[in-house]
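Data block below; observations after.
Chain lettering (A, B, C, D, E and F) follows the sequence in which the chains are written, and residue indices restart at 1 in each chain.
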Amino acid sequence: MRHDGRRADELRPVRIERGFTEYAEGSVLVSFGRTRVLCTASVEESVPPFLKGTGQGWVTAEYGMLPRATHTRTPREAAKGKQGGRTLEIQRLIGRSLRAVVDLAALGERQIVLDCDVLQADGGTRTAAITGAWVALADACEALVARGVLSASPVRDQVAAVSVGLVGGEALLDLDYAEDSTCDTDMNVVMTGAGGFVELQGTAEHGAFDRKALEALLALAEKGIGELLVAQRESRA
Amino acid sequence: MRHDGRRADELRPVRIERGFTEYAEGSVLVSFGRTRVLCTASVEESVPPFLKGTGQGWVTAEYGMLPRATHTRTPREAAKGKQGGRTLEIQRLIGRSLRAVVDLAALGERQIVLDCDVLQADGGTRTAAITGAWVALADACEALVARGVLSASPVRDQVAAVSVGLVGGEALLDLDYAEDSTCDTDMNVVMTGAGGFVELQGTAEHGAFDRKALEALLALAEKGIGELLVAQRESRA
Amino acid sequence: MRHDGRRADELRPVRIERGFTEYAEGSVLVSFGRTRVLCTASVEESVPPFLKGTGQGWVTAEYGMLPRATHTRTPREAAKGKQGGRTLEIQRLIGRSLRAVVDLAALGERQIVLDCDVLQADGGTRTAAITGAWVALADACEALVARGVLSASPVRDQVAAVSVGLVGGEALLDLDYAEDSTCDTDMNVVMTGAGGFVELQGTAEHGAFDRKALEALLALAEKGIGELLVAQRESRA
Amino acid sequence: MRHDGRRADELRPVRIERGFTEYAEGSVLVSFGRTRVLCTASVEESVPPFLKGTGQGWVTAEYGMLPRATHTRTPREAAKGKQGGRTLEIQRLIGRSLRAVVDLAALGERQIVLDCDVLQADGGTRTAAITGAWVALADACEALVARGVLSASPVRDQVAAVSVGLVGGEALLDLDYAEDSTCDTDMNVVMTGAGGFVELQGTAEHGAFDRKALEALLALAEKGIGELLVAQRESRA
Amino acid sequence: MRHDGRRADELRPVRIERGFTEYAEGSVLVSFGRTRVLCTASVEESVPPFLKGTGQGWVTAEYGMLPRATHTRTPREAAKGKQGGRTLEIQRLIGRSLRAVVDLAALGERQIVLDCDVLQADGGTRTAAITGAWVALADACEALVARGVLSASPVRDQVAAVSVGLVGGEALLDLDYAEDSTCDTDMNVVMTGAGGFVELQGTAEHGAFDRKALEALLALAEKGIGELLVAQRESRA
Amino acid sequence: MRHDGRRADELRPVRIERGFTEYAEGSVLVSFGRTRVLCTASVEESVPPFLKGTGQGWVTAEYGMLPRATHTRTPREAAKGKQGGRTLEIQRLIGRSLRAVVDLAALGERQIVLDCDVLQADGGTRTAAITGAWVALADACEALVARGVLSASPVRDQVAAVSVGLVGGEALLDLDYAEDSTCDTDMNVVMTGAGGFVELQGTAEHGAFDRKALEALLALAEKGIGELLVAQRESRA
């Protein structure tokens, strides 16, 4: 029994609220328990320099946390004058994860930017961001179809993510902040709707983990991501 | 009749939602129509260098806009590596406005930081921010009283703000983005509960304005701020 | 009687020295008492990106203070690696004030940059800067006419500025540093030659101010600006 | 048969050259084929702020690439004024990997900084850096023992790293740049001398990978790391 | 005969105006012809970290150019967010030159900052800055004596500087901008009152120069600096 | 007899190792005793903006030190977010020195970037860098000839550099760090193969130096550079 009453293999309550803001082509407020991330998808009719003239599009992400998303206030990155290493690492992860399921040639020479801003952080912000951003991205692509810009959505599959970890030797699904800060091993797993792995990032915070623990963690992640994929589909039904 | 059906002296629907996030000592989502600003108040047991050892406290503000708060995406200031002039100007205004109604000596040697982050921008973000931030600040101060840190709240009065402007020669209350971008004169007015002016910032975007127009604008602002002060009190009732 | 012997409605000695430096198209050293600001106008045959191809020109300003313009040394912004919020706020104000009296279409697709650098600061640097920069701008525009680039100056009116404030309940014109740092309310007023307001920025440093005080301050400002407009004209006679 | 004649499960020639520079407490030039990284360990008698007064030490890493380490010149990060996301991500990985095998309490309140600078880059720079930095770290710790600062080395185990990947469906060990830029899945694996995983970072560059592929990649990594651990021991014999 | 009518060994008109601004402990406007540099000396009761607790003082310099000091406008370094290499090189040179004639132990644990800001640039700004800054420094030190802070001035000797160069094979003294931009070799020479060299910086802009040319340039520099030392003394008489 | 057994007019052992890395068009590891600098020459088919369309090429340099090149660790400039004044000064010196012997018109509209990265610093890093960079530059130019891009190398002469200094009144050639940090006067001399001076930078660290001392230092420098020119030629034989 976990500190919040969940079973080891139980996700926190997941909520995917579409249209949270009105201007973005896709806008989703995703909650994994107390973790709440606003994901907006913005379509831009230009691409990064390395793609100019190739006819191919791009999907990228930016990540941020409001200063008081956290238990104690974190200095604002804009005021510090730079994004930290953790921020850059996370936004690179989100971008790669989404690109894995988009046909960039079919998108055409335009860019979709996913802004994932954490309103409240209780662990798992990057996995919530990926899961919510996919919905915003899918909405933005359908908007392009609806406007006649594209004949079909270039989104080829779903993608969702969850964290798993070892706490006191036990494998747990979807760690909250309290669990995350005491765990021995923390792993973020990103999977497609078809069940393939897109990203696997495991870190032993103390000591090391073995193959058997890895198996247990991956099994939990597969279960959790299965449920997140359902939540994504239901939110768009 | 304005483009959204309002009368010249009518505010947009105002909503002040307390406790929007859970960790901050004060947390308010304020809406002036489609403009939505999340205002959090964070108490820190330290003060800026120039106040160290004086026994006096400080109240300050930071302002930001999510990249897709706007109709088209605005580059993220954290990614650009600096806050723009408009951002700095607004956060300085918010800080001054709030300090005008706080007894900094009674606050004691601690700082309250108001983070005002715009989730959606449809004109009047700085006036909504001041109006919402006051509620978050008042809540944070009462929390200090409730925890026994202070014997009484150092907040001496309310403070609220509204924009007024001349559009096609007519004075209008609480401009939205469409009105703001076509107005001849734009004025932000900050007033206390006792009816005094704290800040007055008028700008003639085209041409100049005269004393009579100024009178009309101030009368509108007084009316609007009166209603905002009521909304603040009702939200905390 | 004020600490320097002035009456409440008296400006400090104003000096507008044209041609202080030789290379700029307009170059003015303006003094409001001990406050001395070097204002140069530079004509550039290019415009900011948002105006490219529109045939319309632009007028903008940059503001700086030499490190020892102040009573104690202020760190150099170039060495700190960024301009502070106060600097950005002031240079935005100067630019807006000057644009209010220039026909940007008549200027043609070129830019005039006003650099306002404070050699000595004793209060009122932004109002001195606006007042002096207008003269430099007018000179630069006439130089364009003299060189046959333009057939007539695009400057449609004068613009000048002054500060007023409440010190110990009394309204005073053109505050110096000693008055400015003890005043209850400080207001910067920018007006055209035709007597209209371009900018009005009033701040209650302690408490708040009422309509009657505002009336008194505006009356003082109108008187002072009237005298500054004369000084501008005389300097160019 | 790979393009350079290696078998699928074959490392590139590994060279670990200790004492490459003379001043650092540990200095290692590590080569994985053409990839060459200079790793120096510097002992500093101070710790980051969050550890002050705790009696506990810290191990951290910084990573850089010489501009012409790469096939075409890469702009210098110092000249650009910031470290890129990739750089920050890699140096965080190196730091975490090394801390996993150091008893930070036994190190005492001092810091060891591992500077990993890539002289030549042909794929696998981060794994070479971890493998070489461990040797520099171990040398620096023994130097502390030799100087009587510590009674025993706080390094509890070895740690080494290798990349593995799927190229055209086949699992390959220790990808060089040519393989890395065409692979479907790329995985960096960090393991201890005792055979536990410290970090696992797998990325599907195109599509996704399944459990079976993961098994194959991990088996390859275990083999390769086993050989690297031997090379580390031999270099210090 | 030079383009402005000077002989090869003739300085431009030198003017050293003390007390140009009122707040600095030393304030000098120095002119070498059209080149005009405002040099202020600020006494600060603190020293850089590496001198804390040593009882020894420091003399340092900062250099800047107003954007329109030059024939065409140069972007403002504060707006660009960094000082250029030329600026840093010059301010390091000024600081070293002044420290050469100050007894830093006799100064006591305080710092004197020389701000050298170019109001107008027509070649030789660094040599004018050194020559003028010495006067400001000497004034500031005498002010410390006058205030009873020091019993005697720590300034041990004069220091002055001039540029010399080869233009079309001929050695010229005190190059202006037109000469400087066409010269083959440019040399800045800094000498003490006692006739010793403090700095010698010669650069062959095209080709190279030989010993004989060097002799000629040094002889010219000695003559010019002799006259500048007189001008310094006369300005303080 | 110097602390390392050298005579006053003796260079440290010089080693010029070509092809130290494999990708650059020229790559040289140069050693002056313990000082070791990796110099790479990169050919880029573009030029800085001020040369676009002129048909003329450019040669430029960047300089850096690995953090632990020095006796104690120096903070990484990329992590600090800017290059220091010393770095900028040195890389400007290297660039100017090399351009002095290259026919930029004959190079054609392309740029050669010399990256000089100090692996180990024991005094004289800038002179070693110039001496080594010339070899890398010459190799890169010959590679352009070999590839048929140019018909002849645009390198017109050799260029090499050495430091000389006065230590305890005695003139010494090629100072190492221990000598450099105690010397009275330090001078860097850059000369061509034809025996002309390209750069002369002398600094009196304490006091001043006279003409006689200057003569002695120049004589030493000429001798040392003569030997370095031989070493350059032998390395390319």
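One rule holds for everything that comes next: a residue touches a chain if its C-beta (ideal position, glycine included) is under 8 Å from a C-beta of that chain, and two chains touch if they have at least 3 such contacts.
Given the structure is predicted, the values throughout are model-derived calculations rather than measurements.
Novice: If you check the contacts of chain D and chain F, which chains show up for both?
Specialist: Under the touch definition, chain D and chain F have no mutual neighbours whatsoever.
Novice: What chains touch chain E and also chain F?
Specialist: Expected: no chain.
Novice: Please name the chain that ends up farthest from chain D once chain centres are defined by their CA atoms averaged.
Specialist: C
Novice: Enter the angle, 0 to 180° in steps of 5, of the rotation superposing CA atoms of chain D on those of chain E.
Specialist: Answer in degrees: 120, to the nearest 5.
Novice: So which of A-B, E-F or B-C is the twin of D-F, meaning more than half of its contact pairs are the same residue numbers?
Specialist: Repeated interface of D-F: A-B.
Novice: Could you state the distance in Å from the CA-based centre of chain A to that of chain E?
Specialist: Once rounded, the distance between the two centres reads 58 Å.
Novice: How many Å are there between the centre of chain A and the centre of chain F, using C-alpha atoms for each centre?
Specialist: Using C-alpha averages as centres, the distance is 50 Å.
Novice: Starting from the mean Cα coordinates of chain C and chain E, work out the distance between those two points in Å.
Specialist: Centre-to-centre distance between chain C and chain E: 33 Å.
Novice: Specify, in ascending order, the residues of chain E that touch 2 or more different other chains.
Specialist: 81-82
Novice: Listed in ring order from chain B, and going the way that reaches chain C first, which chains are there?
Specialist: So, from chain B then chain C onward, the ring reads B, C, E, F, D, A.
Novice: Using the touch definition from the top, list the residues of chain E that touch chain C in their complex.
Specialist: 21-24, 27, 34, 36, 38, 40, 42, 44, 62, 64, 66-73, 76-79, 81-83, 87, 113, 115, 117, 119-120
Novice: Looking at the complex, which residues from chain C come into contact with chain B?
Specialist: Against chain B, chain C makes touches at 82, 84-86, 88-89, 91-92, 96, 100, 187, 191-192, 194-204, 206-211, 214, 218.
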